[in-house]
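Sending over a structure as C-alpha cells; questions will come in a sec.
Labels for the chains are A, B, C and D, by order of writing; each one numbers its residues from 1.
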C-alpha cells in the first residue's frame, strides 16, 4: 500500500550531520523497521557530535542546504563519554551567533536520537523537512555566493556613473 | 551633556606617564625585566605608538595618553616574538589589555612569572579619527571606554594612577547591541550583509587580535578550503562568522579589531554578543582570572539543552 | 585523477524495488574520477565480492564505493574484500542506500535521486581517503592489581594462573581486605576466613605474583600496554626477608593497649603487630605513631628479642618502579561513619543517632567482628560498653543509603542480606535474645537470597518492622530506639541493649586521588565509572584499566568475585597478543602549525593529549606542541572540532573528507 | 594584639511573647546586650509573626506577616536579632521560601504592597553571641562565672529545623547552646531530649499530650543530673515551667527544675543585677538554686 504522495513545488535539501553510534544507527533502525519519511535528508556520518565543526554547518548552507540537522547521542550515552557535552556547548554558542547574524534558526535543528529511536529519527527528519519546505529555499547564503564585491552596498552616484561608464 | 565636567581631566595621564617611567627605570635597572613594552609618542602630534624600551636611559620616551589605544598584549602573543626570547618582559597594560594577557595565560601562551605587569589606571582612550590633544569627551572617547568596567587593572605587579571622577557617557555599544537584538533575523541579515560586503579581507582585524595567534589560520587553508579567501560576499560572511566563533569565550573586548578596520565594520558588536551569550549560558566572563578551561572547552552535565529536540 | 569503482547492490529486491540501481550506476559512471561502475544482485555474496576484487585488478581501481546497506552491516566485509584485492581497506567506503534510502522511501524517482546523491557524496569522500594502517602498540604482559581484598586477590590469581606476572599492591600490612574481617557469609553461612585465607596464601605463594603490602601507588605514567607504576613501599621497620614470623616481638612489646583497627577498635594490639593471626604476609609492622622507640628513643625491646635481627628502626619508604601493561583497580569500600560528617563530602552526618557518642550503637562490620570466632570476644556477642550479652538488638537498615536528604541516594545493596545474616548469627549465639530490624524494603535479588531472608524471619524469628528510625538515645543502660512502623501506622519505641546500623557502603577515602593518578573517571560519590554501564561494566574509559569489586559500586562477594574474574579475563585478552592492534581512527597533530593552546588537551575525554617539547640538536627547547598518544586516543574527534587552526586531525574523518561530502551535495 | 573591637549593633524583633508571657526573656536580652555593649534597636510597629498556627491555616497570610516585618525592619540598621525560636523560624522560612518561589513572592508583595526584603540577615541571639560577638569575648565579659551550675540545654524543634533553613548549627546534634553557656562557666549535661518536641501549642487544646512530651523532657534532664533547663523559646518555656507542677502531679515525680531563658543566665554571668532579670516571674522559683550555687 502506498501512501498518498503530494507533489510540492519546492523540495528542500536537508543535510544531517550525525554521530555513527547513536543517530546513524537510529536512522538505520528506521530503515529496518521500514518507517517512511521524506527523501530530502542527506546524511554525513561522524564518529561523534564532538567532531562536528560549526564550519561544516556554514559550508552546508553555502553549498545550498536549506536546512541542517545535527544529531547525536543523548547526554550520558556518548560512546566517547563527553563528546556530545562539548558539542552541546559549542552549538549553543554557534546558534546564538547565527541568530545574531540573521540566520533563521528554524532551518537549523539539533536533536538527540539514540540507536533505539528509529521513530524519533523519522519524526525529526520529517518535521525539519516540512518546516523548511514551508519556509522556502534558503536564499541568503546562495545569494551571497552569486554576488560580487561591488554589487550594491557601496552605491554612490559617482561610483554608479563610473560603473556604467565601463564599456 | 551640557556642562564642562563632561570631559576627563588629563592630569591622570600625565601622572601615569611619570609613574610608568619610574617603574620602567626601576625594573630595567634592577634587571627585573629585559625590556619594557609600552607606548611612546607617535610621529604626528598627539598620537602614540607601541614602544619597546631596553635601555633604562630611554624610559623618558614612554608615555600614557588618550592616544595609547594599542593593546600591547599583542606584542607578547605573536608580534615581535623575538623580544620574548630576551627573558622577563615588563608590559604596560590598561585594564582591557590585561584581560587579554589573562586570557593568553589560560591558553598556555604566556606564563605569569615571565611577565612584570605594569597596570595603568585608564579613564579611556580616543575613538578612531577623533581630534587629538583635546580632553576626552562624549565626542572623542572610544566606544568601548564608555562602558568600561576595568578602569583599574586587577592583579598587575604594580598599578599606577588614581581614577578621577568620570562623566557619564552614553553606552553606545550596548545600545547598538540591543538595537540589533530587537530586529528580525531578516533585518539583522541585511545589516551584516551590507557591512560584510564592504570587507576587503585585509585581515587587519586578525593581525591586531592578541588571540589570533595561530601559526596558520583555518581561513588561509586550501585543503580543504573552509572559507573562500577572495573578498567576495560569501567568503566575507564566512570569515566573520568563523572569526567570531573562534573568539567566543576568549575575546576580552579590547575592540582593537574594530579600531583597525579600514572599512568601519562594527566587529566588536559580534564579540560583545558572544561574550554576553556565554555569560548568560555558562556564567563565563573572559579575562578576569586565569582559567584552565574556557567555556567551550568544558561542560556541565546539566547545561542548557532547551534548543535540542 | 582517481580511479574509483562504484558497485551498486540490488540486495535482492530490497534496494532494487525502490531504487533504479542501473540508473544509479550509470550516473555514478559519469562522476569525475569514477573509472568503473556497475550493479549486482548481491554484492556481499561470494560472487559479488569476487566481482569487486576482479574489478580492482582489471580497472586498476584506487578507491571503492559499495552502494548497498549500512556500513554498520557490511563495511568490514567489503573492506576485507578490498584488502584481499590489494587495496588499503580504508579506501573502501559504503554508500548506505538501503537503510537510509530504499527502505524508507516509496517513491522510485525520489529514492533513485537520493541514492545517486549518496553515491556522489561517498565518491567525493573516497577520493580524499588516505591509506591507513592499524596502529600497533607493544604490550608489556604484566598486570598491576591495586587492592588486596577478595576482588584483587581473585583477579591476581586468575591472571597469574594464565601465566602472566602480576604485581599486587595493598595499602594495609596484610592482604585480605574486608572479607577477612567477616564472620560468616550469606547465603550459605560458611565461615569467611575459612574460604578467604587459603586464597590469601595462594596469592602470596604464587610464583607469578609479586606482593607489595603496606604499599601505595605513588604515580602512574604511560598508557595501555605500557604503564610505568611507581609504588611506595612504606617503611615497615621490619626486614621482610629476614623475619620468620615467629611473633616474639609482638609478644614482648610493652605497648599492648593500642586499639586494633582490624577489630574495629574493640580489641587491642601491640605497637609491633600483625593485624590478625592469619595475616599474609605474616610479617609484623611497627606502628611508629604508637611505638615507644619512635616516640621517645627508648625501649628497643623488639630489636633485642628478634632472633634473626629483622627489626630495622632506620628503614625508610622505598619507591619501586613496576612496568605493567594493564591495571585492575580493586580498592574496595569502607562504611559510612556516623560519628562525624566526612570532610569535603556532600554527605551529612547522623546527629539524631548521637554522632557516635552512644557506645552500644555499632555498625555492621563491628558486629561481624563481635560474631567472628577470631574476633575480640571470641565470637560471643557482647556489648562494647559493659561486655554484657544484649538481649534485645535493634538492626537499622539504610543508614546513609537511599537517604537523599543525607546526601546519598544509592542503595548499598549488601545490607539487606547481611542484616538478615546478623539476626541469624545473633539468634544462634543468644538463644533467648530478640532481634528487631527496621527496614525500608528488603532487597534480596540473588541466588538463594530471598530464601535466606525469609528464613531469618520465619525460622530465626527476627522481627522486621517496616519504617525508619528517627532517633536513638541512651536511657540508663538501654538505648531507646524511636521509629515508625508504617505498616501499622504507629510510632514504635524499643529499648535495646545493642543497636547495629547498616551504614552505607562508600568508596575508600582517597579513591578520588587514586583516580586522578590513574586518569580514570568517578562519580560524585567517588565510585569509579565503568566505560559502559551495560556492555563495558569492567572496563574503564581509559584503555588498559579495569575495575573489580566495590570500588565501582556496592557489591556482595559473589558479584565481586565475578567481576574480578571478568577483569582478569579482559587483561588476559589484552595479553593474548604481543602487540595491541587498534583501528587507526585516531587524531594526529600537525606539529608545524600547532601553537600549543592545548584546547585539544582540555576537551579530550581520554586524556590522550600530552605536551611535547620540540628541541634542536643541542637540546634547546624550541617550542611546545600537542601530541596525541595513539594508544590512548578513542577517536571521537572533539579535539579537531575544537582546534582553531585545525592542527589536529582525526584520521578517517578529516576535514577534507567531510568537506568533500558537503561540497558534493 | 586584639584588633579594634567593632561595635555591634542590631535591629531587634522581640515578637509578641516577649512583650507578654516572656517579658523576662525580653528584659534579660536587653540587659545582656547592654552589658556586652551590643546595640539593639527595636523595629517600630512590628506585628505578630504568625508563630506556629498561622502557616497551618493560611500560608499566604503567614508569609505576608513575616514579609511585612522584614520590610519594616529595613528601616532599622543592623542585622535582625530575634530571640524567640518560633519568630526566628518563621522569618527565616519566609525568606527561604520566597527566594525560591517567584509566584508566591509576587502574591506576598501584592499583599504587603511592597518588596520583600530577602537580603536582611535574620539572626538568632545564639548566632550573634557565638559567631558575631564571639565566645572568647563572652568569656572575657564574665563577672560571675556560673561554675557549678549544671545546665540542660533544650533546643526544642524550631531552632535548627527544617534542615535547609536556619543553618544555625548541626541540624540534629547542635552544640551552640552548650558552647555559649559553657563560655560563661556553666557545666552542661549530655542528655537525650534536647531536640524533642515539648508539645508546643497543644498546651491549650490537648494538654495531655503536652504533659507527656514535656514530662519526658524534664525526666530526661533530671536523669542526666541537670540543675535546671535553659531554653530559647517562650512556648517551650511555658510548657516546661508553667506546666511543670501539673506534670509532677500527673507523673508523681518531683522535678523542681527551674527553666531559664538563655539570656537570663548569660546576663547573670556578665553582671546584670538579678533583680532586672525577671526571676520573680518564673513559676518554678529559681532563687533557691541560684542561692545554693552562690549566684545571687
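Everything that follows uses one rule, which is that a contact is a pair of C-beta atoms (placed from the backbone, for glycine too) under 8 Å apart; a residue touches a chain by one contact, two chains touch by 3 or more.
Since the structure is predicted, the reported quantities are computational estimates derived from the model, not experimental observations.
Between the chain pairs C-D and A-B, more C-beta pairs are in contact across A-B. Of all chains, D has its CA centroid at the greatest distance from the CA centroid of chain C. Annotation: 52 Å between the Cα-based centres of chain C and chain D. For this pair, chain B with chain D, the centres built from the Cα atoms lie 57 Å apart. In whole angstrom, the spacing between the mean C-alpha positions of chain A and chain B is 34.
Each chain gets one centre point, the mean of its Cα atoms, and the points for chain A and chain D are 65 Å apart. The set of chain B residues that touch two or more partner chains comprises 218, 226, 296-298. In chain C, the residues touching two or more other chains are 603, 642, 655, 659.
Shared interface positions of chain A, defined as residues touching 2 or more other chains, are 59, 82, 86, 90. Taken together, the touching pairs give a contact graph of some other shape, not a line, ring, star or complete one. Pairs of chains that satisfy the touch definition comprise A-B, A-C, B-C, C-D. Interface residues of chain C facing chain D in the complex, by the touch rule stated above, are 348-352, 354-355, 357, 405, 471, 473-476, 480.
On chain D, the positions that touch chain C within their shared complex are 163, 170-174, 190, 192-193, 195-196, 220, 223.
The residues of chain B lying in touch with chain C in their complex are 107-109, 213-218, 221, 223-226, 246, 292-294, 296-298.
Contacts from chain C toward chain A in the complex involve residues 70-72, 96, 98-101, 103-107, 110-111, 113-114, 117-118, 121, 521, 531, 541, 585, 603, 605-606, 634-638, 640-642, 650, 652-653, 655, 658-659, 661-663, 665.
If you check the complex, the residues on chain A that touch chain C are 2-3, 5, 13, 15, 20, 24-25, 27-32, 34-37, 39, 42-48, 50-53, 56, 59-60, 63-65, 78-83, 86-87, 90, 122.
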